[in-house]
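Input: structures, listed below.
The same subunit A turns up in both complexes below, where it pairs with subunit B and then with subunit C.
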Partner chain A sequence: MSDPILRLEDISKSFGGVRVLEKVSFDVERGARHALIGPNGAGKTTLFNVISGIHDPEQGKVLLEGKDLKGIPSRKRIKKGLSRSFQNIRLMPHLSVLENVMLGQHSRFQFLDMVKPLNFSAKSTGKAEAIETLNSFGIDLYEGQTVSSLPYGIRKKIEVVRALMSEPQLLLLDEPAAGLNTAETNTLRDLLKEVSNRGITLLLVDHDMPFVNSLCEQVSVMNFGQLIYDGPISDLKKDEKVLEAYLGMDEKSERSNA
Partner chain B sequence: MSGYLSGVLAILGINIIFAYSIYITAATGQLNLGGAGFQAIGAYACALLSNELGLPIYLTLVFSAILGGAISFLIAFPVLRTKGVYMVLATFAIAEIVAGIILNTDYLGGPTGMIVNAYIETEVVLVVAVIIVILGFYIMSTRIGLAMRAVHDDEAVADLMGVDKRAIQVGAFTIGGAIAGLSGGLYALYFGFIEAQYFNANISIFVLLYVLIGGTQTAWGPLVGASFFTLIPEALRIGDDWRFFIFGVIIVIMMIFRPEGIVTRDALERVWRQLFSGKRNV
Partner chain C sequence: MLFEQVLQQIINGLMLGSIYISVAVAFTLAIGILNFLNFTIPALYMLAGMVGWSLSQYGVPFGLSGPINWAFALFIGIICAILASLLVERFTYRYFKMKHGDATEHAIPLVSSLGFLLIFEYIILIAHGSDTRGFSTAFSNLDWRIGGFIISIPQLLSLVFSILIVAGLSVLLKRSKVGRALRAIAENPDAATIMGIDVDRIVPIVFILIGFLCGISAAIFAINYHEVSPYMGDHVGTKAIAAMVIGGLGSVWGAIAGGLIVGLSETLSIYFFGASSAQITVWGLLLVLLVFRPTGLFGHNAIGKGKF
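Right after this comes the complex of A and B.
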């Protein structure tokens, strides 16, 4: 097996007196579709924030392609092949759909390319590529369409497309299916499978288990800041700790007694 | 051209340039209430270089911009550590410090002001204004402009997209200071007399209003806002003593119906779609 694209080694993080992450370690294999699940408050988003550099871990290492990301600020991690979407949609409200997507390309451009007018050199400024990518994901809008008036599902999709524009190796998706109806969830799953087929590794947090089951092969489960399971999603339901975290002690005992 | 019309056009040109100086920083989400201070720096630099060294007017204007930009760059680092209302207060304080220094420096004429020996015609002001408007549109049409607007909307996400928000903010503050300095230089050369009392808090508030009423979402905002604030009071002269009352009412109505400014992206887009419907599909 090749080296993992992402390795987390004993990540710990506290806010004030609250221990949010406690020695979390797991690997995400290259090209995998890996889920990170757990009850609310388990520390999943905090872990995403540690990986993307928003928070520094107190202990432990984040290794991307074998290289320690310590000291690399969040804005430079995108150049290392790391991109992410957010739990609550965070598209720029005053930018058009196309501009939001083009913002995702920012890290790939040198200063001289940044001072070219976007409308007069569509190829060298990445505009043509952004339009092509939007179209390839079935987003067919007029050029100046702002994001605020669009349906939630389309905005979620645009956020994923924006994250892809940096040509990431690893895409972190924080609750991509949250708030979507069944049809929108199915569309998103197809989109993410297509992204995965392009060779991009996915690490996603979500509560929608049918969605996670139909998309991911590997899963890591967190509870109260600790990793309680890491393995194939097919074995998830057999794990005692996971059942306890999700169903509670009493119900688990009833189940085992039944 | 009548003297009155010429004077109004010159003031319009200076106000438009001044408005772009504040707009460039506002486009990144920073409100600068110290515009008058940077304008004063440019005006006095221009006056001194012209009176003392006899430099050609075009060079004095270039130096006004360079000095305005250099001082902005130096103070950008401490000022940009503040946010929101604290940044507004910090920039306001800077303008007061500049005015205080000028008032207490005899070499700069102190409270009696300074006569400027060189002189420029209205046409020069208008040409510079056109150049600055084009520059404003140009910057906002590039990926740098896109990054500026992204920092305005959501600093944290812009950062994660790889945008160096500190460089963008410092750069915008510096360019804004340079343009404000240039507008001060033009003011000094056009009116031939400068005094610290002119560069007061009212001027800073008005130029910020040009930008906020015009709209910070597009490069049209400062052009429309400065024109609105300069030309409407002139047009209301027929209302005699009531003109500022009427103007105030117009501003209140504007703020009720256009809280994000006269020109917004959505409004522009609607107009664009009506003019070129179906031609800009992605």
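Right after this comes the complex of A and C.
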């Protein structure tokens, strides 16, 4: 029954003697909308960096579709169907919307194919594909404008569409809703639901609980580098460890404010 | 009479500018895409010229061939410049990127490229001495005279050719997949890597283009001015850096404008104030321009970031 697209096994990672991740294990089911939450400094982004190959774990395995990703650099992981967006938008500010989205196709290109003299042929099909995807998500092309001139909410959506251009199986989203207002968050949620309906598995980190609640079914909770909860989001509020990690801090901060 | 002489100098200046254009664009590519002030560029230019001269004079070393046709010799000279440029990539840029994760944050690659400049120069000095050598080609004296003015046809063709090459490069950067990847690397190499762009294999393309541009420029110089020397790169290098900055860092079209402006101010300065005044005029102009337009004529605020 269980068919995980991503399996994490006992991932541990330290930075300069500080244990950031301590034997983290969980599965992300194929087609799921899975959230990873936890207080600041819990190790969520580090775990994302381990999954996408920016950091190597000291211990443990990252398995994508049952295959160990050890030793595969990040730019090759994207070819294996793993794509990610970043906490801080990493679009190319001086390129156009279309060019940024088309950059997402580069992971699919063979190097020799790309350097063939004046290889313009694939450009036209790539362009049509990029325009079609942008249109299907209701994003304007903003012809002639560079990305740096566009509002933050639109840039977030463009970054998601760009990540889709690599034809991922699994999309990692690092705080997609951070910095967005309510209306922008709602359109982003609709966009991600549409992405999910196309069969792409989502694993996302976010602090915005209403957003997470309305998008995800599964949730993993981290605190101080350890996994303290992994299960359906509906049971989250019944879990004592989670209540302690979140509410315990709230109580303390309320007292100190008083 | 004075007016006519000045006009002739303007024509000569524009022709001289065609030499600077390609070299300035080579500097611009290195700075704009890799954020790397590549000091080997003048040596690549000199290498193409001297190798071309040597082959046309003596043929392949160790007596393997007789003197080679000048055009083919210059072609091999250009290939040598490209190979030398790849050597520089391997031991300056790539080496430091492997060692430190990022080549551009360190001044070391700049110093290494300066080292390569001197090594290449002195290898040629040992091989051929320091004399300026004459370079004879099939069309030495093809001039076009209109209304008392002399326009050298090879020079005119060279100017057109330089501009065409730069235009082609501009199209390559704007429209091709490689160009898009290069512009992405210029903006953010780390994000480009994560998007699946093979930065380590794309970066050598920049160095191939740099070698090619330097080689072409040296061939144009040899054909038009009929001489080469181990020091020919030094004169062109400083002018080309000035042309790049005047045009605006990271702007390919700016490098064309800058190259022509430098060529013009050089010939006019020599005409009015004597031969030694050229550098003072060019660099004085540059300093004054930078006070009023710190980004150069066509440059942007973020230095060298993804403009072209």
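Definition applied: the second predicted complex is superposed on the first by the 231 of 258 C-alpha atoms of A that agree within 3 Å, B and C clash if a C-alpha of one lies under 4 Å from a C-alpha of the other, contacts with A are read in each partner's own complex, and residues count from 1 in each chain.
Quick note on the criterion: a residue touches a chain if its C-beta (ideal position, glycine included) is under 8 Å from a C-beta of that chain, and two chains touch if they have at least 3 such contacts.
For clarity, every value in this text was computed on a predicted model and none was experimentally measured.
By the touch criterion defined above, A:His94 reaches both subunit B and subunit C.
Subunit A is touched at more residues by one of its partners, and among subunit B and subunit C that partner is B. By the document's definition of touching, of the two partners only subunit B reaches A:Ile131; subunit C does not.
After overlaying the two complexes on the shared chain, residue contacts for A:Asp140 are found with subunit B alone; subunit C is out of touch. When the two complexes are overlaid on their common chain A, residue A:Ile78 makes contact with subunit B and with subunit C alike.
In the superposition on chain A, A:Ser166 contacts both subunit B and subunit C.
Touch criterion met: A:Met102 reaches subunit B and subunit C at once.
Residues 52, 54, 74-76, 78-79, 84, 86, 90, 92-95, 99, 102-104, 106-107, 109, 114-115, 118-119, 162, 166 of subunit A are contacted both by subunit B in one complex and by subunit C in the other.
Within the complex formed with subunit B, the subunit A residues making contact are 52-54, 74-79, 84, 86, 90, 92-99, 102-104, 106-107, 109, 113-119, 125-126, 131, 134-135, 139-146, 162, 166.
Residues 52, 54, 74-76, 78-79, 84, 86, 90, 92-95, 99, 102-104, 106-109, 111, 114-115, 118-120, 122-123, 162, 166 of subunit A are the ones that touch subunit C when the two sit in their complex.
Those residues of subunit C that touch subunit A in the shared complex are 175-178, 180-181, 183-184, 187-188, 191-199, 201, 205, 302, 305-307. Against subunit A, in their complex, subunit B makes its touches with residues 138, 141-144, 146-147, 149-150, 152-154, 156-165, 217, 265-266, 268-269, 272-273, 278, 280-282.
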